[in-house]
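When the chains are written out, they are named A, B, C and D in that same order, and each has its own residue count from 1.
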Amino acid sequence: MADWRFGAGIWMFCQFVDRYATDAYGPPATTLDAIASAGEVEGLEVLDINYPFGDGIGVSDVREALARHNLSAQAITPHIYMREFARGAFTNPDPALRKRALDRCREGIEVARELGAKYVKFWPGQDGYDYPLQADYGWLWEQSVGAVRELANSAPDMQFAIEYKLKEPRTHMFFCNAATTILAIQDMGVDNVGVVLDVGHSLFAKETPAEALRLAHRFDRLASVEINDNWREWDDDLAAGSIHLVETLEVMLTLREIGWSEPLLLDQFPFRENPVAAARESIRTIRQLDALVDRIDREALADARRRQDALAAQRLVLDLLLT
Amino acid sequence: MADWRFGAGIWMFCQFVDRYATDAYGPPATTLDAIASAGEVEGLEVLDINYPFGDGIGVSDVREALARHNLSAQAITPHIYMREFARGAFTNPDPALRKRALDRCREGIEVARELGAKYVKFWPGQDGYDYPLQADYGWLWEQSVGAVRELANSAPDMQFAIEYKLKEPRTHMFFCNAATTILAIQDMGVDNVGVVLDVGHSLFAKETPAEALRLAHRFDRLASVEINDNWREWDDDLAAGSIHLVETLEVMLTLREIGWSEPLLLDQFPFRENPVAAARESIRTIRQLDALVDRIDREALADARRRQDALAAQRLVLDLLLT
Amino acid sequence: MADWRFGAGIWMFCQFVDRYATDAYGPPATTLDAIASAGEVEGLEVLDINYPFGDGIGVSDVREALARHNLSAQAITPHIYMREFARGAFTNPDPALRKRALDRCREGIEVARELGAKYVKFWPGQDGYDYPLQADYGWLWEQSVGAVRELANSAPDMQFAIEYKLKEPRTHMFFCNAATTILAIQDMGVDNVGVVLDVGHSLFAKETPAEALRLAHRFDRLASVEINDNWREWDDDLAAGSIHLVETLEVMLTLREIGWSEPLLLDQFPFRENPVAAARESIRTIRQLDALVDRIDREALADARRRQDALAAQRLVLDLLLT
Amino acid sequence: MADWRFGAGIWMFCQFVDRYATDAYGPPATTLDAIASAGEVEGLEVLDINYPFGDGIGVSDVREALARHNLSAQAITPHIYMREFARGAFTNPDPALRKRALDRCREGIEVARELGAKYVKFWPGQDGYDYPLQADYGWLWEQSVGAVRELANSAPDMQFAIEYKLKEPRTHMFFCNAATTILAIQDMGVDNVGVVLDVGHSLFAKETPAEALRLAHRFDRLASVEINDNWREWDDDLAAGSIHLVETLEVMLTLREIGWSEPLLLDQFPFRENPVAAARESIRTIRQLDALVDRIDREALADARRRQDALAAQRLVLDLLLT
């Protein structure tokens, strides 16, 4: 069994709203509250933390809270997808807002340094378009690629990661799938930008997550791995392995094959579940899957793959799962 | 050209949030503000109004606001999908909450009477399930069917309408598509419950909206028609005809064929657009489509359909659109 | 462990072609060859057999072949979706072809009697439409419902089953999902027509198969169950449990709950696999899943469902699968 | 109006089969028959021709037939996806078959030279996988990239084009979307390989075709454009503009913006329509859309895009279509 370390997006422990339950799904929770909740999850060691932290909470508060709960910052994700950036961060039609997005990211970089985070994550969820005919796709490329390039060049000591997603909140996001994001990063001509492989995002971008992992690894652009699940049409952010059990197992197997050793992060929105319990369950499932990886006859699997023998490959795993 | 009257869901003029822009997409708007905005939309005559109306706003306030803006209440839609009903309204595991949902609906019926609304709409968005294995599907049926039956029987003078949707906020909603909803209504054994055919919901339930319209009409269960558009995987609530232009035209044609004469309601979430402009544009598009219906050679179309001649049927309409 | 009996669609053992490999995926196989192949699958007892049987093969040949291989006919499925019915069987625009389709079905009924089959299955794969505007949906309903009603009334001693599917070969099939098919059957006003719940068809019609099973059972219309798997967008006809393992387990659990005792039929197209091996593997997987059902703490599951506790429900099953 | 030239895949005029109508949808048609049918389509000038041509038909026969019907060869597409390559061409587990696929392609290159075709197209439809766990994704990449690189290097005078598709006949094809294919081509390190942007393939790979066009153009890898339509879940190969009218218009607009001047090819499977009529209708629709492009207020559109004003951008086009 690999000695996986676990993390989570801090948002998992915050209060959720959606467009219907505008009065929210759970009690309010500040960044500090969320850190405290994360601290209750046995095995959870690192967090991906949104910046800004919220009213009146400073870096030192966060640092102390993390220390108090035996957690550390794995990533800082600047909030560039809230109200002011509703029409885009890097691709906002207003140059002043594009500048503000970059400033926000620069602050995030500084905070990442102060907290010792391993990378700064960009998730430009409002960058894209909603309707046919609406967008100048060339311009979207130039702005998106240009903005990340500029940020990456401004902080050569820092690692950056782009988390692609097909859609939501936009009906179409610019950084939409693994290959597009890798292509965009290559176009940036920088060394310190990689891809976050979020298993759920991969699933609903019509990718096979294990194949996307391989792709990012092949181009040396795998920056982080996030795990969750969904129904393939939307970013449902459900518990790990709850829908695509075998494909999540294939992800765990692939992580071994490529020698991944960074923490695995949970990215869930347990609207109707207890977040601490949801995190615990996902970690338990991932560990169980990882233990199964040890029991797979890897030589027999390689042989089945060489022959493209789907039934044999499946059988190796089904017998482990079902008996 | 048919003399269509138009309406809208009042939420279209309220403030939107989603799980990312928790600080909202536009300025706050009370029910009275939203009525005022709706009043700015030329051609908009009726509203589907959520109940409760919000802090400090009573039926008389709403009645006055409607009158002031030359609007009337077409429907009352009780809020049974907010925080307290996060685990379901009619199917909440807690009997006290199920009762509260019914009470809320009964208040909605009373309000509908007071405002002269044509129907009370149920959209039990939190009734369903998220995960495999989670639900007792038989129980969901009994509770959902039983609750609407009870309400319908309690107010035989009132018309009711169920708005089906495949998912969101649940990953699976109980009233998921047209046929399931009609079957459930038949199972209720009541005469005063029908279906809301929301074009967008139909599209992403893998239906053909014109066919679903026909189905509801065949069983005499068409209670209302809402129009919007989406990308077929999610309830994007975009402007009418923006994605599925020809299918929206087919809807308009079908509405003529079945002799529908009730107002057509807009159900949109213009997150990044001005709601008043969004409503105006949709009404303009629908009127343009309806004017095109007049120009379709209906006999030639009927003939093409009799022969199942897809190219001829398409050509009749494409030549109208493209020349 | 339930004492399941197994069957298969005979097509699983025939030669496959598709629109690319028009020179076929395997060697030619007559109906008698296919019966012989089916006979090699340990545990396979019954077949769903297409009629006509092919050149020079009569009922007595089939009867003998079945006997020789210890198989029996579970169903007869008339070929009403080949070349002559490319524009529809029950809904063909040509009345002569509609009549021919009914005649073909009547012959199928007679053959079913001669072979002692339990039901005659209708899969009107060419009945539907491909393009917007092409179809008169009302006429499709009348013809489809009318044709099956007429056949059912003509043979009150025989059980009939409709196998719904969302699409393929048409882009839209008339009998598209469980609820529509049940509604259509109710509209027929006959007692001897039911639904085939094909797990794969249910999955890509955006249903939850276990829920669709419950629905058909609730209306006393479950006629047969077929098992296979797919990627939710197309009828890939893959091996049982290969993609949706947990949902297939939920199907097996539901079959127990509703007391189903008829044979479970495989409906696969193993284009690149050995059909006999593919059938064996699927039967093995189904038996393993069924054995797991025995080990589920059903009381704990019922309790989790009562509380709508998704994490608890999942955990009960994940711990069985993963440890 | 641009002076578009038109072409078609020759398969459009051949006999179709699918896995149900194994006795085919139309009369048999040899390559020469198909060329004759193509010659009946007014405005059709070039063909994408499959090689081998079929029994007893040589290059000179094809050359003469093309000349007789005023057609020329635009592309040669080697048959590397029929029976012998059912488990893959470039990625077949059997090295002898991989070699045979390359040999077939080399013959295709030679034929392309003899017929003066502009490019050789690779559509490795059987290269990919069907099941989770089945494939060694790294090996698929190496074989696919390596094979095309080898072929491209062996014929530096020839242009090559890869036609990506998400799936079918495999449930997962290796060259699955635009970005993956561009990335793979860059990895080949060759100058004479580009991408075929098939509008339908783009649609069901969850791309926006106009954006994918821009992407291929940006990287100077656009080799050819094929037009058809589908329902976004499968490669239905329907008539141009029949489902996604506005998006097809956006494609036509983008082709102008990037200065594309090569022939536009139809790629359709009119199973139940007359192929000549289907081709005529698609050409008519494309020309009508192109004429509409002339009437779009391009400055106003650019302005709407700069402001990301979706309603304004849509309105510009809707008013052209609907009035």
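The rule we apply is simple: a residue touches a chain if its C-beta (ideal position, glycine included) is under 8 Å from a C-beta of that chain, and two chains touch if they have at least 3 such contacts.
Not measured: the values here are computed from a predicted model.
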>> When I count C-beta pairs in contact, which pair ends up with more: B-D or A-B?
In response: A-B
>> Can you tell me which pair among A-C, A-D or C-D shares over half of its residue-numbered contact pairs with B-C?
In response: A-D
> Distance-wise, how many Å sit between the C-alpha centres of chain A and chain B, to the nearest whole number?
Replying inline: 35
>> Measuring centre to centre with CA averages, how many angstrom lie between chain B and chain D?
In response: 40
> Counting only residues that touch at least 2 other chains, which ones in chain D make the list?
Replying inline: 87, 130-132, 239, 242-243, 246, 272, 308, 310, 314
>> Building nodes from the protein chains and edges from chain pairs that touch, which of line, ring, star, complete or other describes the result?
In response: complete
> In their shared complex, at which residues does chain D touch chain B?
Replying inline: 232, 239, 241-243, 245-246, 272-274, 277-278, 281, 284-285, 288-289, 291-292, 308, 310-311, 314-315, 318-319, 321-323
> For the complex, which residues does chain B have touching chain A?
Replying inline: 16-25, 81-83, 86-87, 125-126, 130-132, 167-169, 171, 230-231, 233-234, 236, 238-239, 242-243, 269, 271-272
> For chain C, which residues count as touching chain B in their complex?
Replying inline: 87-88, 93, 129-139, 141, 166, 172, 176-177, 179-180, 182-183, 186, 205-206, 208, 210-211, 214-215, 218-219, 246-247, 249-250, 301-302, 304-310, 313-314, 316-317
